[in-house]
Amino acid sequence: SGNSGSGSGSSEGDTAPASDEAEDTGSEGDADSGELITVGYAQVGAESDWRTANTESFKSTFIEENGYKLIFDDAQQKQENQIKAIRSFIQQEVDYIVVAPVVETGWETVLEEAKEAGIPVILSDRMMDVSDDSLFEAWVGGNFVKEGETCGDWLADYLEEQGRGDEEINMVTIQGTIGASAQVGRTEGMANKLEEHSNWKMLDMQSGEFTQAKGQEVMESFLKSYDDIDVVICENDNEAFGAIDAIKAAGKSCGPDGDIIVVSFDSVKAAFESMIAGDLNATFECNPLHGPRVAEIIQKLEAGETVDKIQYVDEAYFDTSMDLETILAERAY
Amino acid sequence: MNNTLKNITSKRLFLPIFCLILVLLINLVTRPDFFSIEIRDGVLYGFLIDIINRASELVILAVGMTLVVSASAGTDISVGAIMAVSAAVCCNVLTGGERAATEYANPLILGFLAAILVGTLIGCFNGVLVAKLNIQPMVATLIMFTAGRGIAQLITDGQITYVRVESYKTLGSSFPGFPVPAPFIVSIVVVAATVLLLNRTALGMYIQAVGINKKASGLTGIKAVLIIFLAYAYCGFCSGLSGLIASSRIYSADANNIGLNMELDAILAVAIGGNSLGGGRFSIAGSVIGAYTIQALTTTLYAMHVSSDQIPVYKAIVVVIIVTLQSPGFARWRKALAQKKVDRAEGKEAA
Amino acid sequence: MEKDSVLEMRHIYKTFPGVKALQDVDFTLAKGEIHALMGENGAGKSTLIKVLTGVEEFETGEIMMEDSTHPIINRSPQEAQKHGISTVYQEINLCPNLTVAENLFIGREPRRFGMIDWKAMNKRAGELLADLDIFADVTKTIDQYSIAVQQMIAIARAVDMSAKVLILDEPTSSLDDSEVEKLFRLMRRLKSEGVGIIFVTHFLEQVYEVCDKITVLRNGRLIGSYTTAELPRVQLVAKMMGKDFDDLAAIKQTDGGTGSYRDEDIVIKAVGLGRKGYIKPFDLVIHKGEVVGFTGLLGSGRSETVRVLYGAERTDEGELFVKGKKLAAKHPIHSMYEGMAYLPEDRKNEGIIADLSVRENLIIALQAKRGLFHLLSRKQQEEFTDKYIDMLQIKTANRETPIKSLSGGNQQKVIIGRWLLTNPDFLILDEPTRGIDVGTKTEIQKLVIRLAKEGMAVVFISSEIEEMLRTCERMVVMRDGSKVGELSGEEMNQSAIMSTIAGGQ
Amino acid sequence: MKKKFTLNQTSFLLLITIVLFFVMYAVGCVIFKDQGFAKTQNFLNLFVSNAGLIVIGIGMTVVMITGGIDISVGSFVAMGCMMLAWMMERAGMGAVPSVLIVLLTGVVFGLVQGFLVAYMDIQPFIVTLAGMFFARGMTAIISKDMISISNEMFMGWAKMKIYFPFGGHVNRKGEMIYPYVYPTVVIALLLLAGAFIMLKYTKFGRSIYAVGGNEQSALMMGLNVRRVKLKAYMLDGFLCGVGSILFCLNTLGGFVEQAKGFEMDAIASAVIGGTLLTGGVGNVIGTLFGVLIKATIEAFITFQGTLSSWWTRITIAALLCFFIVLQSVLAMLKKKK
């Protein structure tokens, strides 16, 4: 029951946390407790390492020391749960609602309910497809199409470097879960680049559902169907790990020194390890650290300033030519 | 006498085998090399090998599921979640709580034992709910279905845990110097051991008796509660084991995806094998054939380049055809048709 | 069709895998006639009824009804009902989850404004049952009543359908005399209204009491149709069995050595044993070699009492000693270890394990007693099975036939065999002869007496008092869940029993 | 003899469920008293967010009473939503014809499933599992991409609020807000009442119970068992159609992954409400409370607001477990007496 987490504004709730902060939060904290900004955060779930890092970034940003009280809700990948959560936030009269929508569709009515209650809404990760832009204040997220394009550009440079710029290049794509915005965006970005290179040929695309096991299964099937695959594009890192296993099992090799070029998206830590092991060529980042950006927006709104509607987070890429050990040591996820 | 028995069993399995062959034959049309098998890197390689390899987890699950279905006339929908938990436990033991490790923190065998133990324990939990508290199987196992992946994530801290040690991959690939995939060998061992256990002890008869008539078997001295409990515990054990194989394949524990939707395929395998989901009489061989049929279908569809989100449609159609072919309704219809033919022939003769 | 007949079946053939159940059977039922269908267990009586009512399909033959010009085929019981045939099947067919009233009226519920009128339905159900002197709460679900009550309700349902043909397949198998009397009154009334009734039973007295005609089947073949008055009993039995048989005189209780039992011979001793709300505490002693009967009215708690003895039902008071050792059975297996065996009265729900084979059904109790890891070898199993199939004359295609496809009587024999196989010291038989033909019935009675002679203690329950008088040395009389008396020796006769049952009232 | 008032096992189970729900809700009101758990609107939200589930739960209850099960409902909802979205957005059809087509599809879907179950004697679980695969795959075939609905009439229905004249409170902007529900709630409750009457007072309704209680007996008593089953699945299909429309009015779009696992919610609700998977026993009122109990458990989790994703799952399961075990233990105690 009413323990430190949920007991809003209860005085014990604030004295309970670590004693080393007791002196500096002691007086302020109590005063602050009335002014803590309550943020209701409706997260998709914990379906991947990326998502877990994403959640963690919010949880570590919206802490009481920073003047926030976070009400976290996990939707278990279900949109209806998220709608329920937003309705619940409205009843709890939070100050801000942050949503990482499961899908883009279907937010119209519930956002209007929030608007009626006078609660500003901020989006993270995915966009919402609503007719009226004023239903939310801002959006923070990555640009999947751009990630796909970056991948295409990197590939062009890399092939050029290897002197295969004009060769016929056969590719296959192990797609993400069909319909997921990461899948849609990355496929689209790559397709844009494909048009620019007439010597690139996309042999096949099949969904690996963002998992290692499925990625492996799909790659096994590709390898049996096509003898001369040059590039495998995996729409997330996990699929790449599976694909690499399948390639090895078929008696081929991959990575910078191998027969087949493997690239992937997301840049989780395991991808670095795979690159260090010489299996993966490159990985394109999808930055999950949205928390601080959202906090920034909230601070601006609190101060009455206007904010940009669309805010992309910074995203990089990593390949085997970099000092991966050092980068890996510094990475948060 | 023994011969007649053999006749009956072979008849019982005739349809499932027929369906499996039918599914395989589809490939002959589209892909003549489907049946070719070669040796690469000392391991067998080919579509058929893929099927028997990939179906292994499903085969093991189907064995456990068959017993549960038979004894309790219900299904265990938590098997997929148990797989995730067992994988998580194993990897966590082996990495010593780290998210990735390149050498074992604990002996390999300890990880395996812990995983199988946890699987069995969850099975026991389900067993207590169903057998002792009389909760309907699907609902009782719904609890672990819901909690399982949560527990797995709790163990792995919400992240994928990697065990990057070559020997860990053995179970999911092949035993050194052995051309047959390791998962296949494990699954065959499980099937054989189960069949032996059921036939060398009275367990097989007890399970069926309890599934057919719990009251009557209780009065003849069978401890129905214990038997049902054991069936669930065994199913948990099987799930734990297949969790290990699945984890070894990807040398990691992916709480979200290991064993995802496997419970449905396992139940389907049991049914396609000609077993009734209403409990009672069962055939392990049928379920095993069912499992291979499902994997053959999936592999076939992949090989035919059907997009993965549309695969379910074809799967549904094939499943309906298979179960219709085996259904009493279809048999009735066929009989009526044959009768009509006879009548017509007789009518002609008379004329 | 002959005039006056409501139903004619001609040249009916029906084969089950391995069994020619009906071969060229003819049957004619006249208006206002009660027609007995007789035959040994497995003769094909129920099958004939099932093909008539569309539960099973027949291969060839025709069925004619009174008002149809061409042959009819019933594809389902529903169609049979439409043709005016209403049936009580051998195995009771009621829906356990529905109330008594609904079971009586399902498919033809009284309605008001298109909606079921529950009030009217309950009222009519109450009247219907009162008419038959059945006292049951019509708003309770049917599973709360004993087999006998259920059987009466099934009869009430069929009778109320005002059909042209009423079929009763062994309706009296678990009824006692007074219920049977009620049923006969009813049958006579319907007969006078012109209803044709097919009546299947193994009780010869009943046949001679109400039936006008008798058709005899043997091994799926028609032996003949006779007018009751012209067919003496002995001949009827001979026709059924295909050989001469002296049906009743065969047994007589020989040495009724009441009181001659020694204390060391006590097998069962119950002290204040009871179950709150069901069975009031009672004391009981049963000796080695003794056959004790339990008698009482419908629902008097006979079955309940023996279940308590066996440990099938938890007891909450009193103590039970088996061979001097205190037994608090948590599960029937504990009683079995002490040498008990129990044949339940509800064959369908508590006896047979429907999909298992005859072999498995026979050996399962012995197997359970031996334990999980001591599986009887296949050879032993088959030997035992063959022995009992032979000994009890069980009619089955082979040992691997699922028990559910045996005829009712033969199923019962398998269950009896199951318990004999465990070689018990104390055998409880609750209505063991239910649905068993005359020939075998006497065999079973003889068997019981022989077993007792060999030192087994037996409890025997039957709704047929004569049968009990023939087999038992002592009778325990029950009323409303309490033991109200014990009779033995000279005092054990019909009228004494009746007056004890009636008690103070 | 004095007639005692005794509850039979089934109504006892229903009573337990209802009482437990109110106890649970009251507990929520006490624990989260500062956060507005006790607001009227919060209670109404249980209905608002679950109107579709209630309707589909009714259909599930009906087929479960016949001794069947329908695990295709989640996928069917996805297909229904996708069809609505596709017809209105891509094919430019009106809201009314689109809705009618979805209803018709539901009935046909039920007809096919019912035919396979009733006339081909295939096990319901397998038939509807195939139905589940089929509907999910069809959703992907209609459109791999998500489609957002913007049809004016449909949006009008979705946004139409029915306000209560009392129980309002002042929001942060100082406006008075009265509690409201959407028409979806009204439709769901009307269907619930209809189903209740149908099950209790019509011949068809009682036949459903008879078939589930003992199929063989029902047949021998002269019921047309096959037809009853077929009709039950058709009714279920129709309710799935309605359910998916109500669902769509809440989520306003279609995508492949929609309503995943919804069948488990429906089955769990029915079972918590006292319906037996073995057939013959069940009540739609129970199912309503089953839905409400599940919704309340979820509300607890949301109000609690500090659980991590995995703890959310574990907590939901633990509460579910607690509830189911309590129910079963109470029922067993009652039986012993």
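Just so it is clear, A, B, C and D label the chains in written order, and each chain counts residues from 1 on its own.
Methods note: contacts are C-beta pairs under 8 Å (C-beta built on N, C-alpha and C of every residue); 3 or more make two chains touch, one makes a residue touch a chain.
The UniProt protein names, listed by chain, are B = ABC transporter permease; C = Sugar ABC transporter ATP-binding protein; D = Sugar ABC transporter permease YjfF.
Being a predicted model, the structure only gives us computed values, none of them experimental.
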item	value
Chain separated most widely from chain C, comparing mean CA positions	A
Comparison of C-D and A-D (more C-beta pairs in contact)	A-D
Distance between chain centroids, defined by C-alpha means - chain A, chain C (Å)	72
Mean-CA-position distance for chain D and chain A (Å)	33
Rounded Å distance between chain C and chain D, as computed from the means of their C-alpha atoms	45
Whole-Å separation of chain centres (CA-atom averages), chain A against chain B	35
Junction residues of chain C, two or more chains touched	none
Interface hub residues of chain D, defined as touching at least two other chains	140, 144, 256, 308-310, 312-313
Chain A residues counted as touching two or more neighbouring chains	46, 52, 55, 178-179
Every chain pair in contact, whichever chains are involved	A-B, A-D, B-C, B-D, C-D
Complex contact set, residues of chain D against chain C	3, 8, 197, 200-203, 206-207, 209-210, 212-214, 216-224, 280-281, 337
Chain D residues within the chain B interface of the complex	116, 119-123, 125-127, 129-134, 136-138, 140-141, 144, 256, 264, 267-268, 271-272, 276-278, 308-314, 316-318, 320-321, 324-325, 328-329, 332
Chain B to chain C touching residues, read off their complex	1, 4-5, 8, 200-203, 205-206, 208-209, 212-213, 215-223, 280-281
In the complex with chain B, residue positions of chain A that touch it	46-49, 52, 55, 178-179, 204, 206-207, 209, 211-214, 216-218, 220-221, 224-225, 238, 241-242, 245, 249-251, 269-270, 273
Residue numbers on chain A that touch chain D, as the complex places them	1-2, 5-6, 8-9, 40, 43, 45-46, 52, 55, 70-74, 76-81, 83-85, 87-89, 91-93, 103-109, 112, 116-119, 129, 131, 177-179, 184
